[in-house]
Amino acid sequence: MENRSLVTIAEHSKEKILYLLEMAKQFENNPNRKILDGKVVATLFFEPSTRTRLSFETAVNRLGGRVIGFSDASTTSSSKGETLKDTIMMVSNYADLIIMRHHLEGAARYASEVAPIPIINAGDGANQHPSQTMLDLYSIQKTQGTLENLNIFLVGDLKYGRTVHSLLMAMRHFNPTFHFIAPDELKMPEEYKIYCNENNIKYVEHTDFTEDIIADADILYMTRVQRERFTDLMEYERVKNVYILRNKMLEKTRPNLRILHPLPRVNEIAYDVDDNEKAYYFQQARNGLFARQAIICDVLGITLDDIKE
Amino acid sequence: MENRSLVTIAEHSKEKILYLLEMAKQFENNPNRKILDGKVVATLFFEPSTRTRLSFETAVNRLGGRVIGFSDASTTSSSKGETLKDTIMMVSNYADLIIMRHHLEGAARYASEVAPIPIINAGDGANQHPSQTMLDLYSIQKTQGTLENLNIFLVGDLKYGRTVHSLLMAMRHFNPTFHFIAPDELKMPEEYKIYCNENNIKYVEHTDFTEDIIADADILYMTRVQRERFTDLMEYERVKNVYILRNKMLEKTRPNLRILHPLPRVNEIAYDVDDNEKAYYFQQARNGLFARQAIICDVLGITLDDIKE
Amino acid sequence: MENRSLVTIAEHSKEKILYLLEMAKQFENNPNRKILDGKVVATLFFEPSTRTRLSFETAVNRLGGRVIGFSDASTTSSSKGETLKDTIMMVSNYADLIIMRHHLEGAARYASEVAPIPIINAGDGANQHPSQTMLDLYSIQKTQGTLENLNIFLVGDLKYGRTVHSLLMAMRHFNPTFHFIAPDELKMPEEYKIYCNENNIKYVEHTDFTEDIIADADILYMTRVQRERFTDLMEYERVKNVYILRNKMLEKTRPNLRILHPLPRVNEIAYDVDDNEKAYYFQQARNGLFARQAIICDVLGITLDDIKE
C-alpha cells in the first residue's frame, strides 16, 4: 500500500493542494463528523507545541477519533536511550496515524520511512511544517478569493522562519510576487532566493518596514522573532522591536489586505491592530482546524467524495 | 448572545444556586449521558491541579464530550511570551468551552471578557473557585437536607483559604451561623468579617479547637494549612500541627454533623477519622463530579429541562 | 462484591491464565468494540512509562472507554504531601477502573486494598508488572502454538529485571526449562532459584552468551541493562556491551525460535536482527494491546462470553 504520509508540502502538486483546500472547505461547513470512529491517532510531540497539538487533537476529536500521545519527550523512553525508530515502531502497534513534532530536521521523513502507518509532520526543527502551510494557503484563498497573482509580503524573521519558507515553496504554483522585509541578520537565505529564480517567483527585498512599502500588499505575513534562534541575546533585544506592525500603518493599505501570523506573537503586531478588520490571524488559527482535518483524512485514505454531505 | 461564563459564585442568585443544585442532583442519579456529543472542552491548567482537572475531565467524558488541553503551563506558548488573551483567543477557535486554572487573581474574569466562548473558572490564585463552592453547597444540602439555618464551623487556614471565603459568600442566602477557628496568623481577614456584617451573617471567632467548641456544629469544614502560603517555614512548622481533627473529638458532636475538606489533606484530619460515619470528605469529592456536570451544562445553555429523564 | 484487581500474575491459576489468553485472542481478531462505552478509566502514572501508558490508553479507547489521568506525578497533589490512599480514594470517585504505575513496591497491592474500584498494576517498582507478563505469555503461545515444555532463555539483567521474574513465576504451570544468561553482577537472585526448586521448574545458569548456548532455545528473552539500576556507572559501562544479540548468532538456532524483549531496548539487540524473521519484539509489543484489553475487561467483570462475536 502507498504510504500516504505528509512530510512536506513541496511534494504536493497544484491539483493536490487545491483538492485539500476544497476538503478543508467542506470541514469548515461542518467540522463535527464521525468519520474517524474507531481510529486512534497518536500525537507525539518530542518538542512541545501546545497550539499545534491542540489544533490537531481538536481535529481528531471532532471527527470522532481518539487521541493518545505525549506533549513533551522528557518523560518518554527516548530519555532512556530509545531510538526514534523503536519509538515509532512501538506506537505504530497502537495507533492508525502518527502526528509528530520533533526538534531534529528530517525526523518526520525518517519516521515515514520506517513506520507501517502514515505520519503527519507537525514540524521538524527549522525544516517543514506542512499543516501550517495548508492553513496559510486556505486563509489566503478564503480572504482573497483566489491564490493566483497575489502580492505577498513576508515580514520579520525570514532566516529561521520555517513557515515563510514553506509558504514560499507552496505558492510557486500560483504566480505570486513576494516582498521580503527583514533586517540584515534575518534576511531570506540565498537558497530560497535561488529557489524563487528557478521557479519564476518574483521577489523584492526590503530592510525598511514602512507604510509606503506595504501599500500594495494583498497579504502581510508577520512572523515572530524567536528568542530561541539567537545565540547573541543582545542582538535579539535590538532586533525584536524593529519590525512591529502598528494600526496607523494600515491606513493606506488595500481594502482586501489581510494580516496573517502563524502565532504565537510576542510584540510584532501591536494590540491596536487586533480590532482592525484587516487583522486575520485569529481566524487563520481557526482555519488550522479545517486544514488539519483535511490532511488527516487524506493520509488515512478518506476522500473528498467520502466527506461530501 | 449572553456570555454564560462562571467566574465567581457571588454572581449567582439564591434561585440560581438552588437551580444548579437541582441539576447536580439529576446528574447524581445518572452521570452518564450523551448530552455533550460533538462538543470539545479545553482544560487549560496554567497552574497544576490534578484533582480539579480529573474531576472536570470526568464530568465532560461522562457527558460524551471530548477534552483537549494542558495540565501544566511550563511547556506552552505562555512560556514563549504569549499573552493570556492570545492563548484564550487561540483555544476559542478549537473548543466550545474553556475550563481554566491560573495562578493570577482575575485571570478568569479577564478571559471571560475576551473569549467568544464560555469560561469556567477552576481557580484563579487566592481568589475564586466556584465549582468547589458548588460541590460544598451540594454536600451540605445533601447531608443536612437543607442549606438554611446551619451552624458551619470553618477550621484552619481562614486567611488564605479560597474555598472558605467563597463558601461564606455563597451561604449569605441561607441564614447560617459561622464559627471561625484559626490561629492568629491565619485568622479570617477583616474584609470578610465586614462582608458578614453587611449581609447579616452571624459569626463567632475562636482560637482554640476543642471538643466543646464544636459540640453544636452541623458542618465542620477543615482546611489544609498550605506550606506554599508561608514565607516563614518555621512558622508553618509551628502552626500546621495545631488544628488537627482527631476521632475522639467527635464523640459529643451532633449526629447530623458532617466533616468536609476540599482536599488534598496533609495531616489536619487524623486517619482514624476516616472510618467515622461523620467523615464525608471523600463523598464530597465525588459530589464534585455532579456539581461540575451541572456547571458545564449551564454555561453551555443546557437546561434542567434538557437533562430531566 | 469481589475485588477483581490485578496486582500480580502469581495469583492467577493456570485456567485463569489460559482464559485471559483466549480473551486476548478474541481482541486480536477485533480490537475495536464499544464494550466500555460510558466507562472512565484513570491511568495514574506516578512514575512515567510512555509505552505502557499508551498501550493501556489505546486498549481503553479502542473499546470505547474514556481516559483521564496523569503521566507524571511531579505536578500532582502527591507533591503537596497527599498520601497514596487519599489520591486513590479521590480518583475512585471519578473512574470505574484505575491503572497505576508507581515507583514503590507494594503500591498497587495497597491501592487495591483501599480502593472501592478495581486496580490494575502497571508496574510497582522492581516488583510486578502483570500485563507485561500476560503479553509475554500471549506472544509465546502464539508463536510456539503452546506454552508447554518450552526452552526459555532469559538474557541480560536477571537481578533487577521485573519482567523476567514475573514470567518465570507465571510459567510454573507449563513445565518449562529455563536458561539464565547473565553476568555475575546481574545473576538471577537466590529467591527465584528457590522458587524454581519448589515448583519443579528446571533451570540452567550461564555466564557466557554464545551461539552454542542458545542453539536449542524456543524463546530468547532479551532484557535491557538499565543504567538507573546501577550505583556504580563504571560497572554499568563495562557490563552493558557484554550481552548483545547479533544477527550472526542466530544462524544455528531453531526455526521456531522467537526473540522477545519488553522494550525499550538500548543496544542489547543489534539492529541487523530487526529484519530477521525470528525477531518478534515489535509484534510482541502489539500483543500488549490485546492482552491489556483482556485484563481490563476481566477486572471490570466482562467475560469471554460477553465479547465473543
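Order as written gives the chain letters A, B and C; numbering starts at 1 within each chain.
What we mean here is this: a contact is a pair of C-beta atoms (placed from the backbone, for glycine too) under 8 Å apart; a residue touches a chain by one contact, two chains touch by 3 or more.
This structure is a prediction, so every number in the text was calculated from the model and none was measured.
Q: How many degrees of rotation carry the C-alpha atoms of chain A onto those of chain C, rounded to the nearest 5?
A: 120
Q: Check the residue numbers that chain B and chain C use where they touch, and answer same if over half are used by both copies, otherwise different.
A: Comparing the two copies, chain B and chain C contact each other through largely different residue numbers, since under half are shared.
Q: Centroid from C-alpha atoms only, then distance chain B to chain C, rounded to Å. What do you get?
A: About 40 Å, centre to centre.
Q: Where in chain B do residues touch at least two different other chains?
A: Chain B, residues with two or more chain partners: not present.
Q: Which stretch or stretches of chain B touch chain A in the complex?
A: 38, 40, 42, 66, 68-70, 75-77, 80-82, 86-87, 89-91, 93-95
Q: Using the touch definition from the top, list the residues of chain C that touch chain A in their complex.
A: 32, 48, 50-51, 54-55, 57-58, 61-62, 71-72, 226-227, 263-266, 282-283, 285-286, 288-289
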